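Two complexes come next, and they have one chain in common, chain A, joined by chain B in the first and chain C in the second.
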Partner chain A sequence: MNKTLLGYVPTQSPIYMIHPFVKLFFMLIVSLFPMFVAAPEWNMLLMLILILFMWISRVDMRTLKIYVPVAVSMGSIIIISYVIIGGTHPEFQLIAHFLGINVYWERVRDAIVVYFRILPMIFTMVFFLSTSRERDVIVAMRTIRLPFVVTYVFAMALRSAGMVLEDFQIVRQAEQARGFDTAGKSPVYKLRKYVNYMIPLFALSLRRSEEFTNALVARGYAFTGEVSKVKRADYVLTHYSFKYYDAIFTALISLTFIALLILRYGYQYFSVDESVLINWLRNFFL
Partner chain B sequence: MSNQTTSKEMTAEQIWGVQPGERRSVGVIHIVITALLIGIGFVVGAFGSISFPLGFGVNFFWTGIAVQQIGSVWFGAWGVLAGTIFPFFSNAIAGTPFYVSAAYIPANFVQAFLPAWVFRRFKLDPRLKTGRDYGILLLAMVLSSAFGALWSPLVVLQGFGLLTTDSLPLFIWGWFGGNVVAGLVFNFVLLKALSAVVIRTPAFVKRWWS
Partner chain C sequence: MSVIIELKDYSWKYLNTQQPALDKINLQIEEGMFIGIIGPNGSGKTTLAYSMNGLIPGQYNGIKNGEVVVYGREVEQYGHGQLQKIAGMVFSDPEAQFTAMTVEDELVFGLENLGMSIPEIRERLEWVTELTGLEKMLLKPPYELSGGQKQRVALAAVLAMTPKILILDEPTTMLDPVSRRRVFDVLAKLKNEQHNTIIVIEHNLENLIPLADRMILLSNNKLILEDETHQFFQNMELLTKVGIYPPGALRFFYELKKAGYTSNTLPVTLPEASKQLKQLFG
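Let's turn to the complex of A and B:
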């Protein structure tokens, strides 16, 4: 199993045949798709495609569980925002009135459109995070020739996030060993104690920064001055080659995006008025 | 022990002032501290984003503000840089779309920059010795969060068509309250507890870059 940024993926997963740059490119471009697509059924289709990609990539689908509360919370907020506190609009079509709240068709429609725009963006990000390892992100950054220092900071940041989580566990266990127990305590109490975790976490990180620096200096690393201008070997890149199918995937992603823009702005596709689902719902409610 | 005595004797002016003959330059440690701050912010910010979500990366209690503002006070531009970058990661884990996170950059930049600027401009003591130190820090926290609260829901979320005009106050107050309350809980305690140590480390930044 390979540890990705969000879970584990089998080493034999077909996703590892693809160059990391293609995955980064996919995330950056496909995240834009929902911004140009208003019709919810197209965004649902995009979500299904992303789930299919995750399944093909052998991503552990249980990872998605942590996003259920996020999806529910966002859905609730959008409904509250659009439908419950959407204001009074005599120009809109009223479909219900309860507890003094006017529920308008236009507000319900907009809430659905926005929600199904957000979900595929989240799925795209989850797909990227659950299939990419730290090394993949570094390779993608090196492939597009980002300066070494930028890549290095990025890589160290990802690595240190894991260390902070470990430190957090250590601090928590140390507190527990001293008899500290939050079971049955109020959220305010737990929050107050959370402050006590932050102080040792910061202190540990400060100490670690000096250890890191000493290790880097001892190995001759420098990010400024003459030494930093020496061309690096980019050893990690030698493990990856940009194959013909990577070029095909990159071209396909680009062409799909261009086609989407042409269809959207040239032929008015993917608009709310063109949506089959929205038209069906309109007939249902009105 | 002698170091502790020295730090106790140091005034706020001495903390921020470069002494005659003192050489300060950008070093590997600043790069390392930026990376570590991004890492801490990633974890701490994601905790707030997942535990108290309001939606689209806006939270009722965003713990990441502590890393954003304390990091920039201690480490200057490196802290500001980290404070601007790490929300990308923490928001991503919490399910915020990439381009929404990208549009939050100005808000996160100001939230990190303003406390760092007031400490350097007004020569405040990061160990929070006087009421003036507390007062100006609080003002910077409130003002920077107010900018973030106005920028993000008004410009970003409204720009992306994610919010209605009627629901803006909920998000503006959510962002503002979520940041200021978390700042009140963490910033003062962290500065008070750790500044005396941090100002003696080579990572501490007196000016902006070194």
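Let's turn to the complex of A and C:
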């Protein structure tokens, strides 16, 4: 198993045949698709395709369960903000009235459209993070010739995020060992006492920064000055080659996006008015 | 052998501190020597290591007096990154010195910084992974390895840059005895095959003594003893007075000597101790 950013993928997964750049390109472009597609059934189809890709890539599908609470809470927030506290709109069509709240068809429709736009975006990101290692992201960024310093700062950010979480656990365990524990206490209490974790964590982070800087200097690295002007060979890129099928996938993703734009703005496909699901729901509610 | 590191009346005081971290140190280190530096916590060992590597005064604010000369030049005269090519540094916390996401990236990071070509990097990588036994770990994230493996990665990352001088600041502090042994096995290989100048700050004397050509004792920010390893450990009274407790065998023979059972030179390694024991009672 290889550790990816969101879990583990078997070493034999076909996803490793794909160049990291193609995965990054897929994530960046496909996550734009829902922005041009209002009809929820098309976005649902995109989600199904993404799930199929995850299955082909041998992502452990059980891990998708952890996103159910995210999807439910996100849906609840959208419904509350659009339908419950969406305001009074006499120009909209009223479908229900309870507890002094007017429920309008247009607000329900918009909530559904927004929800099914955001979900495939999240699915695209989950697919990318489930099938990519930190190194893949760096390789993808370097393939498109981003300056080394940019990719390196990104890599350091990924690494320091993990370190801060580890340090947080150490601080928490150390404080628990001395009788300080917020388990079972109210959220207000926890928030108030959070400073007890934050101060040592901050001090630890400062120490880590010093050690990390020393390590960089000891390896002859510098962000500025003569040393930074050394022409760097990028050894990691020698492990990856952009094969003919990578070019085909990149072209396919690009062409699909162009086709989507033409269908959307040339022929008005994927609009709310064209949506089978929305029209069925309209007939149901009104 | 020629002197490659020389400290002349060297003192260093960190900003906002009352006492100097190092006070009037005079020291000469010859090429190819294996030097052990010992001393109680807070005696200035790490400051001494950082001073020889240029991290002090480069990365720290403070007041410097005297000179630290490496290969005939004051450390300040080296351009940014130049001294680090000559004097590699391994820190005590392996986790804190990782700069990349896989072991392989970690090992090649310094080589890329030196501006080496891909074939050169590949060659060095093969050499250093074989030397440190990291062949099967190249694709793993360094922070997922065991403590001993992490420290070997840190050591390999510095070794790959083939510095003439290798400075290790308490490299085995966080390791179990087996991992400590493995780190010192690598150092023994370096000493015997590569003939690097190696400077090791270490509390664990069992592993250090058999390798060290010379030993240095720091106490209260001063260099109070420096000698060839055998001679160094004849000063048991001074060592115990400053809180250094040599290995059990050495202490045992020191007690025998004090009690008048032997007048021999104290043995510093286990084979020597065993030999003397046979002479005494066999």
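Criterion: the second predicted complex is superposed on the first by the 283 of 286 C-alpha atoms of A that agree within 3 Å, B and C clash if a C-alpha of one lies under 4 Å from a C-alpha of the other, contacts with A are read in each partner's own complex, and residues count from 1 in each chain.
The working rule: contacts are C-beta pairs under 8 Å (C-beta built on N, C-alpha and C of every residue); 3 or more make two chains touch, one makes a residue touch a chain.
What you see is a predicted model, and the numbers here were worked out from it, not measured in a lab.
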item: Contacts of A:V217 with chain B and chain C, given as first, second, both or neither; value: both
item: Touching partner for A:G86 - first (chain B), second (chain C), both, neither; value: first
item: Partner chain(s) touched by A:L6 [first = chain B, second = chain C, both, neither]; value: first
item: Which superposed partner A:I253 touches (first chain B, second chain C, both, neither); value: neither
item: Touching partner for A:R232 - first (chain B), second (chain C), both, neither; value: second
item: Partner chain in contact with A:L206 - chain B first, chain C second, else both or neither; value: first
item: Touched partner set for A:I95, first chain B, second chain C, both or neither; value: neither
item: Residue contacts with chain A in the superposition, chain B compared against chain C; value: B
item: Contacts of A:E134 with chain B and chain C, given as first, second, both or neither; value: second
item: Partner chain(s) touched by A:L158 [first = chain B, second = chain C, both, neither]; value: both
item: Interface residues of chain A shared between complexes with chain B and chain C; value: 156, 158-159, 162-163, 208, 212-213, 216-217, 221-222
item: Parts of chain B lying in touch with chain A, wherever the complex brings them together; value: 26-29, 31-40, 42-44, 50, 53-56, 61, 63, 66, 70, 85-86, 89, 92-100, 160-167, 170-171, 185-186, 189-190, 193-194, 197-198, 201-203
item: In the complex, chain C residues that touch chain A; value: 50, 53, 55, 58-59, 79-81, 84-85, 88-89, 91, 93, 95-102, 104-105, 108-118, 121-122, 125, 139, 141, 143-144, 157-158, 161
item: Residue ranges of chain A in contact with chain B within the complex; value: 6, 27-28, 31-32, 35, 66-67, 69-71, 73-74, 77-78, 80-82, 85-87, 107, 110, 114, 117-118, 121-122, 124-126, 129, 149, 152-154, 156-165, 168, 191, 194-195, 198-199, 201-203, 205-206, 208-210, 212-213, 216-217, 221-224
item: Touching residues on chain A, where the partner in the complex is chain C; value: 2-3, 133-135, 138, 155-156, 158-159, 162-163, 208, 211-222, 225-227, 230-236, 238
